[in-house]
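So that you can tell them apart, the chains are marked A, B, C, D and E in the order they are listed, and the count of residues begins at 1 in each.
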């Protein structure tokens, strides 16, 4: 078991970061394909990163640097608590409640560092980000609570293990409703096109990133990719049964099993992501009020109904 | 309903009214009578001041200011003859000063600023005769015919040396 | 020892007043010395077995006694510690004020009253110290002129109503059991009828609810906290509001005992569930009202109402973990809320404004203040390495696993309201362009930021090693009859879900260093001033380039209509009614002698008539 | 991504990454900007080459000036150029930035833009078509390869001359000099 | 051994000596009331220990018991007389040079007469003698109310005169009926003779006497004179009136009800009327903007509270009532004296003009705050034990009716807190914009009574045990009707 833990500690952040980057690359490719364009090579984000790390950017002070470092560190640490396939190094460290709070560190770190940039676009971006997060957080909390009270545990590892025994929760009765609600708010959690009010390049010249130059932009791109990965990984773990394969066949034990588990997990993540990108490629950007009004109407209602049913059963 | 020409000649003396072609009438007036003419025409329904521009007749030594008025509504409904009226006046090149027509037509304000900047015509009573387009203050207003633009470019821009390593 | 504490506390207050009239420097250090001595004495009482000592034998037929139990020790030490820090902070804050001796006298009186409340052994001395603390709070709230007066009046009327309720409850307890000492009250109450217990609980709930600002009684708190002088509003919201919690725990668990309190009523309509539902409402609504406030102190005041909701929810939910979470959150809230009030007070003193729409850019002028406020706000939100997180985590865990997710949902949504307003506090005060008029803001002096630094270190230390506090709390909960929690230094480990702050710290540290190294090793950066910012090529407009006004305007448009405070209008209507009543009554004295004589004869005739008619006498 | 490419990547990642990831900030002055939308969208798709428009000069490393530069727009151009992080390249569209083009004798147009900011490459044509833009960009790649696209180094080296030219043009510029002007011939 | 009769004789003699002394040496005049009251205070304090074991009964006029006028100085009488003497002494010192403009001898004579009347009522054992001293008290207070000579003063005293005289005549009518009925005027004798009050022959005189005394004791419908009288009288006088005069009136009602008629049934209605007075007093005080009127209404309220306490008829209730009587006397005297100071410096009686007076008159503002807090019943001050005893005895009766009444009492306390704290806020924290007459600093001699009263309020508040012992025995004497009878009659 300890080997798995160490493997987890080393590999799951790397997997997280790489898949994050690949996801952004694939997203740009898919959006291009939707627009009948060839689109950049999949590894374009990697190239961008290398270029950005060589640029000599301006800095606005201590918080400008360390806020961003804290934000990226927070997101990477979050991946340690999230089961990536079978790798879940710190699973007993606090479970879903800790994850809901760790999710906060990324955006808050970014907001702190952007804040010192002293640019009005940053303030507008941050206030939109927080309002939007309030919008989708109401539904997300309803979903998490219904999952936790359904499986009667607060550790996400138990949730995934329970799903590997009796089927994915997206297709089990009471949890299909929260699953549906989660799908509705997924673009808002990822901050993708219809809901990317916070870092809209055209309106507020990419909000908090307005003053980010070379390595600052690189770190924020890494953190962006990672938080997208986390958003989808949470969905996959809660509703698509993490590393479990549908039907009765089980993964072989040992290192091969772990490897396969990770692959299955990543496949699910890729599928959900592509579903999401096609949605986002064809939607214009909403205003903040419209986004919050939408998020507080249908998804919240569905989430509430889910929670009532779960707590009634 | 007598045409506009008789009306103008009836009311003002020392004014020439000429019909260039169907729908365009030219009115030449003195510098001093300009405001009263504009007022009169505005009451006649020529409520829209299209343009104020200036022609530099260097050989006669005058600036010819051209006001283009047009009329859309007569007594409330659309006017039949869409005639546009061209009011001209002359100002000596020596000291080109004229009373501003902003009091009659507010829309004249930016045009008069531009004429002041480009031709150096001083409109007395104008709310703000500040520079409008030019970034630097040039001693001779550039649109005047005696302004040699090649010499100006030569002095100002060519004199700046290219950057050698 | 207990009597010594109280004598020193109240004596210190009096002496500091007269000392202050002579020289202010000696008074400051004297007050500090008094309270450091008290802190020493209380912490010396650590881990002693509970003992009772009567300090005043014959007060109107009772003997007033003091009593030290693990619960009262915990509250007493917190009171002493926070008041030491507040006194240090108010050296500089109140330096120029003309009535500073009065301020010191009242501040020490309030702290002494709170020490008395926590150490009192029977309900009468509890009531006496409660009253002393209340009226000195009233004087301190209305200390600054202007809007502080109506706020002080509103506070004092509600607190007099609360104390009247407590007086009736204490005396009806006395009339039915003949004794007021806490220890033997619990034996009597065990045999009491359900109706009587509910009557007593309701009365006590009214008086403690007023002090603890639970929703129906919370309307006095926001104006009072925002108008009181900063050091006192730190004490007010850090400690005084929590005396209500101490009272609730005292009545529900110590006197009535767990069985009775949790046994009242069944299911949804059980007494403790109604209080937790009320606490849930107290968490959600004030947190969102706090988001829309423009005045920094008002935001903090509304946030105190919200956080007090957490504590009451923990206390009234009924499981051992919930009570531990409630008490732990009280300690945390005392730390980070007094820290935030002190820092906002310093900002207000430096820039003479606390309107969030005008402040900005102070991070460059006062970096220490920024770091300290950041830690305080992190504690308020509950970022994992701060102590706020740990108590909230415990509360959610027990709420979910005990099977009522809706309370958990209310608490979690309240947290998100906290995230919004605490980030706005940081952003609007410290970030954005530094306006011209704050260019020459000086750095904070040592005696101002020392207490804040100590508090921020405490927040992070207890966030990383909660075991120290949890050990104490465990002793308290077991003494109240709950099963002890399995407490480690780094957190709680139980089969249904453990949290280990050490591995969070380790992970964050390692990953942080790696990211810092990656950051440091890439191309070096050039320092740039705040004028050099992206403005699409145009020059930076001086003074009009900061956008922190109306930070959450889009959200405000959506939720403003739902947050109208109907309770406040109800109270306004009540006061209006009393005013009308008093006007009509005043009409009786018409001013004509004829009517007065008529009154005399009317009374005489009425009495005689009644006697002739019905012979009642 | 054949083997030769891989070796090139490993040998000089800076050049390669700069070549294949040009984040562009367009300075839409004059008539050139109408050529940019078609070059980004479906038909010509600049993103194939890693050329992506970005919101702020801070995030960009390619500065595209798309037309004649009047006296009033030169100031924002200088500010934007100086706000971009260090390895940056500038490309000018059309003939007007070269020597003023058809406005060569106008009192209001800047004739030789490279007297005020370093220009790495020009794309000729009185508004070049998207194909010409891509030709320009691919040519820029070769310049980067040979290390000749070092406009930003030249600017820093001869900043005093640039600065004096700018001040001669405007008199007083309104922002302090970006680099210390005396004695910076190293670099 | 001090003969209680001296307590009356000395102040009376000195009162009439004052005009003579004024002819001879003007300066000495203002010292005489101080000597008189000092003597009274020392004498009554000396009487208390002996009176505790066994009440001192002295005959005046040489006749045997039922026919002579006898003074009964029991624990109740001695405590109240020492209380009256203390307040009188302090106010005498206060009005040393407070009324510098027109302190003619008439002020001091009237003042001494008022106090002798009060002491006489407290000590007397004979209802007619009670009426005589009652008259002395009323007449002297009429004249003192009009002392300032302004229009409001005269009008208020005329109203007071009209109602007072009606009250006295009713009292005299009651006494006549009783004398006709039972042939004796001695309280002890009457206590023996009157059995029940249900028969009209006993009930009618009782009601008449109570209504008569009620006018002076400010019971609800009868107290219409009090707001004008107390607010337009000079502050020192209104301090004595509120502190002592109405308290003594209430004592006489209690004496009539408890010992002479033994009408315990009527006590419950007394409690209800007391509550009514409390509510009316507090509510009408809420919307006042003249500070002395506010204090006058609060005196009505407090009298109602004391009547409510006495009306509880249990031993503890009466103790609470008497304790509240003393605490009200002290606090109200302190309030009126400090208000006198503040008005003296700020020039107007309006509350809004008192703002910032903490800077002009710090001691007086502190006095006002202490008095206000003790009247509202906050712990370290004397008001708290008073209110506590009353509320405890009401709850101890256990009936629901009384708990409801207690709820009303507490509502009244809240209202009282409301207006007192508003005034305290205006004095201390409103800012220094108030009107400021350039009168010089008030004389030091005025501050001594304030400080003494403050100390008394604080010490008795913290250690109520000092006087609760005395008050318990006084309450016992009041409620034990038969022992009074044997005391007075048995001694012959």
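Methods note: contacts are C-beta pairs under 8 Å (C-beta built on N, C-alpha and C of every residue); 3 or more make two chains touch, one makes a residue touch a chain.
Note that the coordinates shown come from a computational prediction; the quantities given were computed from them, not determined experimentally.
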- Query: Both chain B and chain E are touched by which chains?
  - Reply: none
- Query: Computing the C-alpha centre of each chain, which chain sits at the greatest distance from chain B?
  - Reply: E
- Where the centre means the average of the CA atoms, what chain is farthest from chain D? E
- Chain pair bearing the highest count of C-beta contacts: A-C
- So which chain ends up closest to the centre of the protein, judged by Cα positions averaged per chain? C
- Message: Quick check: how many Å separate the C-alpha centres of chain B and chain C?
- Response: 75
- Task: Please report how many Å separate the Cα centroid of chain D from that of chain E, as a whole number.
- Result: 99
- Task: Using mean C-alpha positions as chain centres, tell me how far chain A is from chain D in Å, no decimals.
- Result: 37
- Item | Separation of chain A from chain E, taking each centre as the mean of its C-alpha atoms, in whole Å | 80
- Message: Where in chain D do residues touch at least two different other chains?
- Response: 56, 58, 75, 83, 86
- Item | chain E residues counted as touching two or more neighbouring chains | none
- Task: Two or more other chains in contact with one residue: find those residues in chain B.
- Result: none
- Every chain pair meeting the contact rule: A-C, A-D, B-D, C-D, C-E
- Note on the structure: In the complex, the residues of chain C that touch chain E are 58-60, 127-128, 131-132, 135, 138-139, 142-145, 148-149, 152-153, 156-157, 160-161, 164, 167-168, 171-172, 174-175, 578-579, 581-583, 585-586, 588-589, 591, 593, 595-597, 599-600, 602-604, 607-608, 611-612, 615-617
- Query: In the complex formed with chain D, which residues of chain B make contact?
  - Reply: 133-136, 138, 142, 147, 149-150, 152-153, 156-158, 160-165
- What does chain A use to touch chain C in their complex? 13, 53-63, 65, 68-70, 72-74, 76-77, 80, 90, 92-95, 97-98, 100-102, 104-105, 108, 111-112, 115-124, 126-128, 130-131, 133-134, 137-138, 141-142, 145-146, 148-149, 152-155, 205, 210-211, 213-215, 218-219, 287-289, 292-293, 296, 307, 310-311
- Touching chain A in the complex: which residues of chain C? 361, 363-364, 367, 370, 374, 381-384, 389, 392-393, 396-397, 400-401, 403-406, 408-409, 412-413, 416-417, 419-420, 423-424, 426-427, 430-434, 496-500, 503-504, 507-508, 511-512, 515-516, 518-519, 522-528, 530, 532-534, 536, 545-548, 551-552, 554-555, 557-558
- Message: Quick check: in the complex, which residue numbers of chain A touch chain D?
- Response: 28, 32, 35-41, 44, 47-48, 50-51, 54-58, 201-202, 205-206, 209-214, 217
